[in-house]
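The structures come next, written out as structure tokens.
Here come two complexes built around subunit A, the first alongside subunit B, the second alongside subunit C.
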Partner chain A sequence: MAEATRYYEDVEEGDEAPASSHTLTRTDLVRYAGASGDYNPMHHDEVLATAAGQPSVFGHGMFSMGLLGTALTDYVGPGNLTHYKVRFSRQTWPGEELTTKIVVTGKRVEDGRNLVDLECSLANGDGEVKVVGEATAVLPSKS
Partner chain B sequence: MASGRSDATTDADALLAQLRAFEGRPSGPPAEARDEVNQAMIRHWVDAMGDDNPVYVDEESARANGFPGVVAPPTMLQAWIMRGYLSQPDGAWKAQRDASGEASAQEQLFDALNAAGFTSVVATNCDQEYVRPIVLGDRLTVTSVIDSVSPEKHTGLGDGHFVTTRLEFTDQHGERVATMRFRILRFRPQSSRPKDVALRPRPAITHDIAFFFEGARNGTLLIQRCAQCGVLRHPPRPACASCGSFEWDTVTASGRGTVYSFVVVHHPQVAAFDYPLPIAVVELEEGTRLVGDLIGIDPADVEIGMPVVAEMVAVDDELTIPMFRPAVPVGAGRVGAVTGDA
Partner chain C sequence: MSDDELSKIIGKPMSKSRVVVERGPVANFATAVCDSNRVYRDPRAAAEAGLKAIPVPPTYPFVMQTWGEFAEEQPADKPTGNPMGEVIGPLMAKGGIILHGEQEFIYHRPVFVGDVLVGEGHVVDAYAKESKGKTMTFLVTETVWRDEATSEPVVTSRFNLIHRG
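Up next, the complex of A and B:
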């Protein structure tokens, strides 16, 4: 949900954004395939995925990036995100509960813009990290 | 061997030089989004993501948050230029390429990697820079460049090359709205990885049945016989169903028999067996029946009544079991019928 505007002065290094959790389902993967246009069958065709040696279909990396991205934009505001990068470290599997973690790592003013740096990750219930990344946002100032 | 090693190194160097030649080349022609940025696609995407931020679907909320109108989620970037099902190998893109007769640089690069054995792919990194929010009505074009190809790296998945592609997204005015770097690993699947050798399920070898497996190990098919009335019985058991006697001995079966009945197992599949798996109830010429795998025959060729002969097969170091093979090679039998007694 969009919340009240978050100002540069509102955040401090070490602040954490609210965590959000989502349990991945095969229906999510089908919906995401349709919505994103990524029809790699490893993400929706259980027969092909198992024939290829996978235990089951698995999540799109970009779905994980999107989940974590939603938590980021919920925190900084959709228009304020300027840079977001991730590394896909593990596959995600249907049935896993994926939880976001976002921490403010720094604040800086550059070319008159108020920048906030964040570290972010997505992990399953066992703490296995699926996606780890960094983001930068420009936040408005109260002054 | 020293020479082999140096050959391999030379090969790797030659390959890397070949791969590096693609750096800086456009992956393919610029691709224009098939549709302008629209509410329907955004709605599908935010529904799939469970993102309920109203600025993506509600004009008023978007304006209240300082946007000129409804905006697209930043991480939806790639969706605007995905060709969906068309980009699958047998889709329309391939047809288009076949018509133009030229493979794109990206296809040539992937062909070179495939030819060198780096046939598997996994996405490793994605880096997105947003210049401005993308709004309803924007018409995006993507220009894609092969940014870099790494030397061969050893990874947990296998040895491979990282390929980074840079995608520049521009709007209908030619202004850049976002840049994305997408990194994949093209790797050689680890076929040399020691596979767990699945063993067949172990039979429970009791006092009553031990002779059968011992006989099989010695290359003989032993059948239990009642020592009092002489009736054969299988599977082995303590007492004769005919006369009730506990006294028994064994006879060595000839191994010849006929298929009394059979099934072909397709599912469920258990490691250590090959499928489809034909299994027969074989009636031995001595007059009892036993169950065994059929070997040396296509499952489609199995027929009830066909003559078979037992063969003791060591399925692993510890276990030898009887299986049955057609007594007359299938196909040769028909020839024999035509040519008479050859």
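Up next, the complex of A and C:
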């Protein structure tokens, strides 16, 4: 659930958004396949995935970006992102607990807009980073 | 494939697509990215959040064509040819794998349920690098989605694909 509106004045460089954790299930992968239209069998067909040498099915990269996006919009508010970019570094596996990390790296006013820059990542319980990226959001001002 | 051969596809048009953003797919997509926020499901919640309509989750632009590209509404001037295929086809014929390396969205304004958007995609970069004895071929495409009514840009999507030989 989204929190109450977060204002530009509420946010300072170095602030960290509340971490959110999600344990990846095969049902997540099937649901994401259906909702995205990405039916690459490596993400839902255990028989094909293991025959291809994978230990099991694995997560869509865009599921990871989506999960991290949910944490971002929980922090800055839906509709407020102006930029979001990630690099995919590792596969995700069912059973892994994926935890978001979002840190405010700066604040600036540009063209009259109050912008907040963030760095963001998603990692498993061992700290192995799955996706790492950056985002910018425009936040409302109290004044 | 040499950098000269690769650079030939830079700038080539790749796609043109008209999509309609609909409520049902947006709500289901929000569920699929573990987002329970009512703002993606109920126009009253969107209004309470100060939004003019239901917005879409940040990565929804990646799947808009799956849900909103209707055959009879497509532009007549879709590009012919497949510049990505020209590169990936010969590379895959020699083996290797395709990886989604990076993904970027630039939101010029929020995407809303009810939007009708026209996206035009181009190849914006293509180059190769040697890494640990393997050739990595990088292809970057950029799709700019514009509001059909105003032609204003709404969201730009940059897709970075890697072929690892």
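Here, the second predicted complex is superposed on the first by the 143 of 143 C-alpha atoms of A that agree within 3 Å, B and C clash if a C-alpha of one lies under 4 Å from a C-alpha of the other, contacts with A are read in each partner's own complex, and residues count from 1 in each chain.
Just so it is clear, contacts are C-beta pairs under 8 Å (C-beta built on N, C-alpha and C of every residue); 3 or more make two chains touch, one makes a residue touch a chain.
Just so it is clear, the model here is predicted, and its values are computed rather than measured.
In the superposition on chain A, contact of A:96 is made with neither subunit B nor subunit C. Contacts of A:39 after superposition: subunit B is touched, whereas subunit C is not reached.
By the touch criterion stated above, A:69 is placed in contact with subunit B and with subunit C alike. By the touch criterion defined above, A:87 lies against subunit B and subunit C together after alignment on the C-alpha atoms of chain A.
Shared interface residues of subunit A (contacting subunit B in one complex, subunit C in the other): 1-2, 5, 22, 28, 31-32, 34-38, 61-63, 65-67, 69-70, 73-74, 77-79, 81-88. Residues 25, 28-29, 31-37, 39-40, 49, 51, 55, 57-59, 62-63, 66-67, 99-107, 110, 158 of subunit C touch subunit A in their complex. Against subunit C, the residues of subunit A that register as touching in their complex are 1-2, 5, 22, 28, 31-32, 34-38, 61-63, 65-67, 69-70, 72-74, 77-88. If you check the complex, the residues on subunit B that touch subunit A are 41, 44-45, 47-56, 61, 65-67, 71, 73-76, 78-79, 82-85, 87-88, 122-130, 133, 181. Within the complex formed with subunit B, the subunit A residues making contact are 1-2, 5, 22, 28, 31-32, 34-39, 61-63, 65-67, 69-70, 73-74, 77-79, 81-88.
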